[in-house]
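Chain IDs A, B, C, D and E follow the sequence of writing; residue 1 opens each chain.
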Amino acid sequence: MTVTYTLSVSEARFWGFPRLLARWKGSIYRLMYREMIAFLFAYYLLAFFYRYLFNAELQRKFESIAHYCHGFTEVVPITFVLGFYVTFIVGRWWQQYCNIPWPDRLAIQISAYVQGADERGRMIRRSLIRYVNQISILTFQYTSTIIKARFPTLDHLVEAGIMTSDEKDVIENTETPHGIWWVPAQWFGQLAMVARKEGRIHDDLHLKSLIDEMLSFRGCCGNIWSYDWISVPLVYTQVVTIAVYSFFVSCLFGRQFLFQYPPGSNQSAAHEIDFYIPLFTIFQFFFYVGWLKVAEAMICPFGADDEDFEINWVIDRNLQVGYLIIDRMYRQLPKLTKDAFWD
Amino acid sequence: MTVTYTLSVSEARFWGFPRLLARWKGSIYRLMYREMIAFLFAYYLLAFFYRYLFNAELQRKFESIAHYCHGFTEVVPITFVLGFYVTFIVGRWWQQYCNIPWPDRLAIQISAYVQGADERGRMIRRSLIRYVNQISILTFQYTSTIIKARFPTLDHLVEAGIMTSDEKDVIENTETPHGIWWVPAQWFGQLAMVARKEGRIHDDLHLKSLIDEMLSFRGCCGNIWSYDWISVPLVYTQVVTIAVYSFFVSCLFGRQFLFQYPPGSNQSAAHEIDFYIPLFTIFQFFFYVGWLKVAEAMICPFGADDEDFEINWVIDRNLQVGYLIIDRMYRQLPKLTKDAFWD
Amino acid sequence: MTVTYTLSVSEARFWGFPRLLARWKGSIYRLMYREMIAFLFAYYLLAFFYRYLFNAELQRKFESIAHYCHGFTEVVPITFVLGFYVTFIVGRWWQQYCNIPWPDRLAIQISAYVQGADERGRMIRRSLIRYVNQISILTFQYTSTIIKARFPTLDHLVEAGIMTSDEKDVIENTETPHGIWWVPAQWFGQLAMVARKEGRIHDDLHLKSLIDEMLSFRGCCGNIWSYDWISVPLVYTQVVTIAVYSFFVSCLFGRQFLFQYPPGSNQSAAHEIDFYIPLFTIFQFFFYVGWLKVAEAMICPFGADDEDFEINWVIDRNLQVGYLIIDRMYRQLPKLTKDAFWD
Amino acid sequence: MTVTYTLSVSEARFWGFPRLLARWKGSIYRLMYREMIAFLFAYYLLAFFYRYLFNAELQRKFESIAHYCHGFTEVVPITFVLGFYVTFIVGRWWQQYCNIPWPDRLAIQISAYVQGADERGRMIRRSLIRYVNQISILTFQYTSTIIKARFPTLDHLVEAGIMTSDEKDVIENTETPHGIWWVPAQWFGQLAMVARKEGRIHDDLHLKSLIDEMLSFRGCCGNIWSYDWISVPLVYTQVVTIAVYSFFVSCLFGRQFLFQYPPGSNQSAAHEIDFYIPLFTIFQFFFYVGWLKVAEAMICPFGADDEDFEINWVIDRNLQVGYLIIDRMYRQLPKLTKDAFWD
Amino acid sequence: MTVTYTLSVSEARFWGFPRLLARWKGSIYRLMYREMIAFLFAYYLLAFFYRYLFNAELQRKFESIAHYCHGFTEVVPITFVLGFYVTFIVGRWWQQYCNIPWPDRLAIQISAYVQGADERGRMIRRSLIRYVNQISILTFQYTSTIIKARFPTLDHLVEAGIMTSDEKDVIENTETPHGIWWVPAQWFGQLAMVARKEGRIHDDLHLKSLIDEMLSFRGCCGNIWSYDWISVPLVYTQVVTIAVYSFFVSCLFGRQFLFQYPPGSNQSAAHEIDFYIPLFTIFQFFFYVGWLKVAEAMICPFGADDEDFEINWVIDRNLQVGYLIIDRMYRQLPKLTKDAFWD
C-alpha cells in the first residue's frame, strides 16, 4: 500500500514537515511501536532491579557496567553505517519501482501496427497483449508475496482468465528446470512473425518495433527477478543490524540515571529531573531504529508493507488498460475538427 | 517560481556568494522566518520564566534540565541524516525537472514528416500536437497543485481551447477507473496510422519515428506521475524531521545562559557577554532548519514555492511553440544564400 | 552460491532484521569466525602475560602502551574509509551482476527472424546460439575460478558438447596473442550474413537486429573481462586493510582492562565487571571486520563465496534455454482462442 | 580559460601533488587572496584593539566572547555540508561540460548523406551546418556572460557571418515571447526535407539520421539552457555560505591568542610562540573557504573564471571544423593503397 | 601497467586481504616510500634538535609549539575531504577506462556488411579499420605520455605502418588550428559512402550502422580528450593537498614525545615506551598519504604508473585484432555440423 503525501507538503510552510509527524498510516510509529515497547519495558525492568532489588554492592557493580556502556554508546559509528546502507537500499528500492513493467507502450504500438478489424485480427492483438501481461504476472508470482498469495498456481491464472488452459498446458509441458516466466515472450515473437507473414503487420520495421518493445518489457521482468534473486548481501544487513541493536543494548545500561557515578568518571549524579523518562534516548531510538526500519520496509518492496508498491492494483490496471487500448480503442478517434486557435 | 541567479555569480569574486545572502526572493529567510520567530519566542519565554518567575529551587531544576539537554545537542547526528536525505531529495528534484516533457522534438518531426499544406493536413498536424500537449496537461492536473487550480476539470480545458468538446466526450466515456491521462497518446498512434495510410507520411520509418517520439514524451509524463505516486518514504521524512526538531527543542533549554551550572559539570557561568542573543544557536538554526527547508521546498517541485518549476509558463510555452512549429513555420525557410565564408 | 533472503523479510515486523542474525549460511559469522578466534586468542594471550607473568615494572610499561594505544583507537577514521570503499565495491559488484550475459533476447530474435524448418535452418539457428554461449563461457574461463575449474581447456568444452572439434581447431589456429574469447562473435556475424544471402533472414533490418543484439551480448562479456582486468586499485585495498587491521592491533593493547592507569590519564581503573570479556570490542570487531569482509566477499563475485553469483547454474541454464527457444519452441504456439474477457 | 595540468602529474612521484601548489594560474591563491587579506586584516585589527586599546575590563569581556566563539568553532559541521554541496556542484559542472554540443557527428553525416557537388548542394550542406551552429550560439548568448559580451545582439551574429540577414529577419519576425534559440532547428528539419524531396538525400533512413542527430544537438543546448534556468536552489547555496562565513567570523574572535582564559575554561594561556601568526587558522581558511570557492568557480562554468570552459574557443572551432568537414573535405579521400601489413 | 589481483582473493579467507599487504608491485609502499622516508627524516631531525641541541628555554618553546600542533591535528577534517575527493577521482578513472575505444564491434560489422573478396574489397575494409585505429592513436598521442613517447610525430606512425604517407600528407595539409585527431573519421564516412555507391554495402541501413558505430568510437576518443582537457579543477586538488600536508607538518611537531607538557594542557609525559618510533603516526601517514596517492596515481590513468591502463598493449591488440577480423577471418566459418545435443 503506497503512502502518497507529497501534495500535502507541496508548499513549504510553517507546519510543513512537522505536520507529517501526526500521521499514523505508513508512519514511523506504526513501523516501530513494538520495538519501542520492548525497549522501554527492558529499560524500566532494569531500572526497577537497580533501584529496588539490588543491594549496595550490586548497585555499585551496575553503575560500573552502566558507565562502561555509556562510554561505548559514544564510539559506535552507527550513523555512517546506516547512512551508507540506507542509501544503498533506497537506491535499489527505486530501481525496482522503475522496473515495474507497464504494457502501455506495447499496447499503443500493437494497436497501431497490427491491422485487421476482423475476428482473427482482434484475436491476435488480444493474444499479444495477454502474453505480455502473463510475463509480468508469472514474474510477480515468484517475487511478490502478495501475488503469490493471490495466484498460487497456474490454475488460478486460468480461472482468473489471464491464461487459457491451452497456454497453461504448453507451459507445463515445457521441459526446463529453470523457471518458465519467459515462455510467453517466445510466443509473442512467434505470433508477431505469423502476423507479419499474414500481412497484418505491414512492414518488417513494425515487426522489429513490436519485438524490441516486448524484449524491453521482458527485460524489466528479468530485472525484478534479479533484484529478488540477488539480495543485498546478507553480511551487510547483519553488520548494520548488529551495530544498531548493540547500540541500544548498551543504552539499556548506559542511559540509566544512576545514584552515583563510579569514582574516576568525570560525571556526577546531578541529573534529577528527567529521572523517569529517558527522553533523549527515546528520540535516538526513534531515529536510529526508525532509519533501520526504513531499510527493512524497503528491502522487499513487493510485499504488504505500508511503503510497498501496490502490485495488485498494477496488475489489474495493466490487464484492463491493455485490452482497452488494443481492442476497444482500436481505430477509434475523436472527430478531427478545427481547434480553438485555428486562424 | 524559479529563482535564477547563476549568471550573477558567474565569476568568482570577493563578494560572490556572500552577496547572495542579501536576497529575499527564494531565500532562506523567506522560507524560515516563521520558524525562526517561533523558536526565538519560545527561547525568550523560557528565559523570562527562568530569570524572573522561578524561585531558586526551580532555577536549579531548570539548570539541571538545561545541562542534560546541552549534552544531548552534542550527540544528535543530524548532519549526516540531513546530508543523506537532502542528497536524495535533490536527486529526485532534478530527475523530476528532467522529466518535464517538451514537445519541440515531436513538433519538428511532425513538421518534417507529415506532409500536406491543405486543410486536412493542417488539421492532422494540429491535432497531433494538441494530443501531445493534452497528455502533459492531464498529467499535471494530477500532480501539480498549480495546474489543478488552473484547470480543475476537463471543461476548463475545453474552455481554454486545449481540448475539443468531442475529445472531452471520448475521454469521459472511456471506461477505466485507472486514470485517463494516457488516452490522447492512443489517439496520436491511431491518427498517425491514418496519416500513413493516406500517404501523408511517406514512409513506415517516419511513422515509427513519430510514435517512438510520442512514447518518450508519454514516458516522461508517466515518470512525473510516478514521482508523485511513490513519494519519498514517509518514514524517512519523519525520521529526519524528528531529528531536527528534537535537536532544537533541546537547544531551547540547553543553550540558555545560566546563572550557575550544576555541580559536576565541567562548565562555568563565565559567559556574560552574549547574554541576550544566542547568536550561534541562531546560526545553527539557520543551517540545520534551512537545510531541512531546502528538502521541504523541493520534495514537491510542481507547487508554488519559490524553488518550484514554473509549470504554468511551461504549459503556455508548449502550446504556443507547438502550434508555431507545425503550422506557421511549416515549409517556411529563410532564403538559401551563399554565406559570408563562401570562397 | 547465492543467498536469497529478501522474501523472508518482505514485511517489516518485530523480529525482521534481528531474526536474520540467526542464519549461518552466507552469514557474517561464517565469514569471519577465523579472524575472531585469532583476535580473541591474541587478546587473552596478552592479558595472561600482563596479569600473571609480568613483574610490576613490565606491567607499568604495558599500561603505558595500552594507554597510548587506547588514544589511537579513538582517532582512526576507519568508518569513513570503509564507508567509501564498501560503497565502491558494492557498486562494482552489482555492475558485474548486471553484465552477466543472458542469451534469451537473442534466442527469441533468432527464433523469429531466421526462417526454415529444414535441417540446414535448424543447424544455422543452433550454431548461432551455440556461438553466443561460447562467447560467455570463454569469458568466464578467464574470469571465474569456478568455470576455470570446470572447463580448464578448450577440450573440455568439446567434451561437454559446447564446442565442436572443428570450432576448437579454428580457435586454436587463430594467430593472436591477445585472447580469443571474441572469435565466436565474428563467426556469428559471418553466419548471419550467410543466412541473409540464402534468404533465410528476410530483411537487412533483421540481420542488423541480430548482429546488434549479439554485439550487446559480446559487450557484456567484454565488461566482465574488464572488471577482472582492471581491479579495484591495489593501493586502495591496502589502505583500507591497513586502517582496519592497525585499529585492531591497537585494540589488543588499548582495550585491555588494566590494574591501574598511567598518571596523568583522565581515566581510572574502575571497570571491574567486564573483566573477562571485552564485549564491546567484540561488537566493534564484528562490524568493522565484518564490513571489510563484505568487501572481500564481493570484490570477486565469480568465485565460490556464499555471496558469489552461481555462474555454473547460469551457464547450464543458458545452454538449455537457448536451444529450447530456437529449436523446440520454433513455430510452436498455443492455440489462438477467444479469451475469457472476449465480449 | 581552462587549466589543464593532468599530464604534469601523470606519474605519481615524490613531488607530484605538492608541486601543483606552486601554480598561480587557476590556483586557490588567485581565487581567494582577497578573502584571505580581508580576514587577516580583520583578525589583526581585533588583536590590535584587544591588546593596545582595550582596558582590563574590556579585555575580560573580549576573552569571554573569544572563549564562547572558540566553543562554537568546534561544533559547526561545515565539513559535511561542504562535502555534499561541492559534490553536487561538481556533478552539475561536469554534466554541463558533457552537454556542450559539438557538431562533428552531424557534419560527418551531412557530408556522407547529402549528395551533390554543385552549387546548390554546397549551399544546402553549408546552410545545414550553419543552422546547427546558430542553435548553440543563440543558446550561449543567453547562458554565457562571455558570449553575451561578444555577440550582444543578432546583428553581431550577422556581422560575424554566422547568420545571414535574411535569417535574422525571420527570427525577429517569429512571434513568440518564449525564446527563439530553437528556431534554426526547425529550419534544419524543413531544409533536410527539401533535400530529401530533391533526391539529394537518397533514403528516408538518412533523412531520419540527420534529423535525429540534429535533435540530439538541440537537446544538448536545451540542457545547457536548463542548467542556467534551474540553478542550484538559492537556499542551499545560502545555507552553505552562512555555515562557512559564520565559522570564520567566530574564528576571528575564538582563535585570538589571549592574555588569560576565562575562569572555568579548561585551557590556559600557554601558547606564546605562535603569537603573531594564527598559522593553523590560516590553513583552515585555505581549505574551507577554498572548498567553497571551488563551488563558486564551478557553479557557472560558462563565465570567465580560470576553471570555466573556453566557450569562445569552442564556438570558433565548431564553425571552422563544421565548414571544413562538409565542404572542403566533401568527397576527399587519401589514395587507397595497400597498407604496410598487406601480405 | 595494470595490477590484476582479484582472482587471488576470489574467496574470502583468513588471510584474504592481509595477504595483499605483502605485495610490492602496485603497492602503497612503492607509491609512497619516498614520502615516508622524507617524513621520518624530518621527524627524527626535529627530535634530535629538541633533545640534544636545544637548551631548556628552547625546549619549553618547542613544547608549546608541539602542544599547539597537537591540538590542530585533531580538528583537521582530512577524512571527509579525502573521501569525497577520492570518490570523485575514482569515478573519473573508471569513466576513462570505459571510454577506451575498442574497434571489435566495428570490425565485426565491416566484416559482415562490406562485401567483396577481391583486392579492392580488401583494400576498402583494411582502410576503414585503419582509419578507426588512427582516430584512437591520434587521440592517445595527445593524452597519454606513453603513446606520445612512442609516436612523437605523424612520421613515426607512417614508419610503424599505421598510416600511409599519403594519409599523413592529407592530415598535414588540413587547415585547422584545432586538432586533427578526428580527420580519419571523416575519411571513414566518405569511404563508406563510396563503398555504398559501388554496391559493396548492400543497404543504406548497413551504411548507417557502420557510420553510427564509427561515430560511437569517435565519441569515446572525444571523451578521452575531454577528460584530459578538463582536468579535475586545480583548486580542488590544491585544497586536498594542503589539508593532507598541513596535517603532517603539524604531526612533525605535535606527535613528538615530549619531556614535559606545557602547564594547563591536560596531558602528562607518561609515554615512555614508544619513544623511538611514532608507530601510530606512521600508520596514519600510511592511510592518509596513501589515500592521496591513490588519487595521484589515478588522476592521469594513461601514464606509466602501476595503476595505469596499458595503452601500448591496447593499441597493439586493436591493430592486430582489427585486421584479423576484417581480413583473415572474412567469410571464414567453422564447418556447420549437427551439435552434440542434436536429437
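We adopt the following convention: a contact is a pair of C-beta atoms (placed from the backbone, for glycine too) under 8 Å apart; a residue touches a chain by one contact, two chains touch by 3 or more.
Quick caveat, the model's predicted, so the values are computed rather than measured.
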Quiz item: Going by the stated contact rule, which chains contact chain A and chain C alike?
Solution: none
Quiz item: Using the average of all C-alpha atoms in each chain as its centre, how far is it in Å between chain B and chain C?
Solution: 39
Quiz item: Just how far, in Å, is the C-alpha centre of chain E from the one of chain D?
Solution: 24
Quiz item: What are the residue numbers in chain C that touch two or more other chains?
Solution: 31, 80, 83, 87, 205, 266, 293, 297
Quiz item: Linking chains that touch, what shape results: line, ring, star, complete or other?
Solution: ring
Self-check item: Going from chain A towards chain B, every chain in order around the ring
Solution: A, B, D, E, C
Exercise. Could you please specify the touching residues of chain B with respect to chain D in the complex?
Key: 2-7, 9-14, 16-18, 20-21, 23, 26-28, 31, 74, 79-80, 83, 86-87, 90, 94, 97-98, 102, 104-105, 108-109, 111-113, 202-203, 205-206, 209, 266-274, 280, 283-284, 286-287, 290-291, 293-294, 297-298, 306-307, 309, 316-317, 320-321, 324-325, 328-342
Exercise. Quick one: which bits of chain B touch chain A in the complex? Just the residue numbers, please.
Key: 31, 34-35, 38, 61, 64-65, 67-69, 72, 75-77, 80-81, 83-84, 87-88, 120, 123-124, 126-127, 130, 143, 145, 160-162, 164, 166-167, 169-170, 174-176, 178, 182-183, 185-187, 189-194, 204-205, 207-208, 211-212, 215, 218-219, 222, 226-243, 245-246, 250, 262-266, 292-293, 295-297, 299-300, 302-305, 323
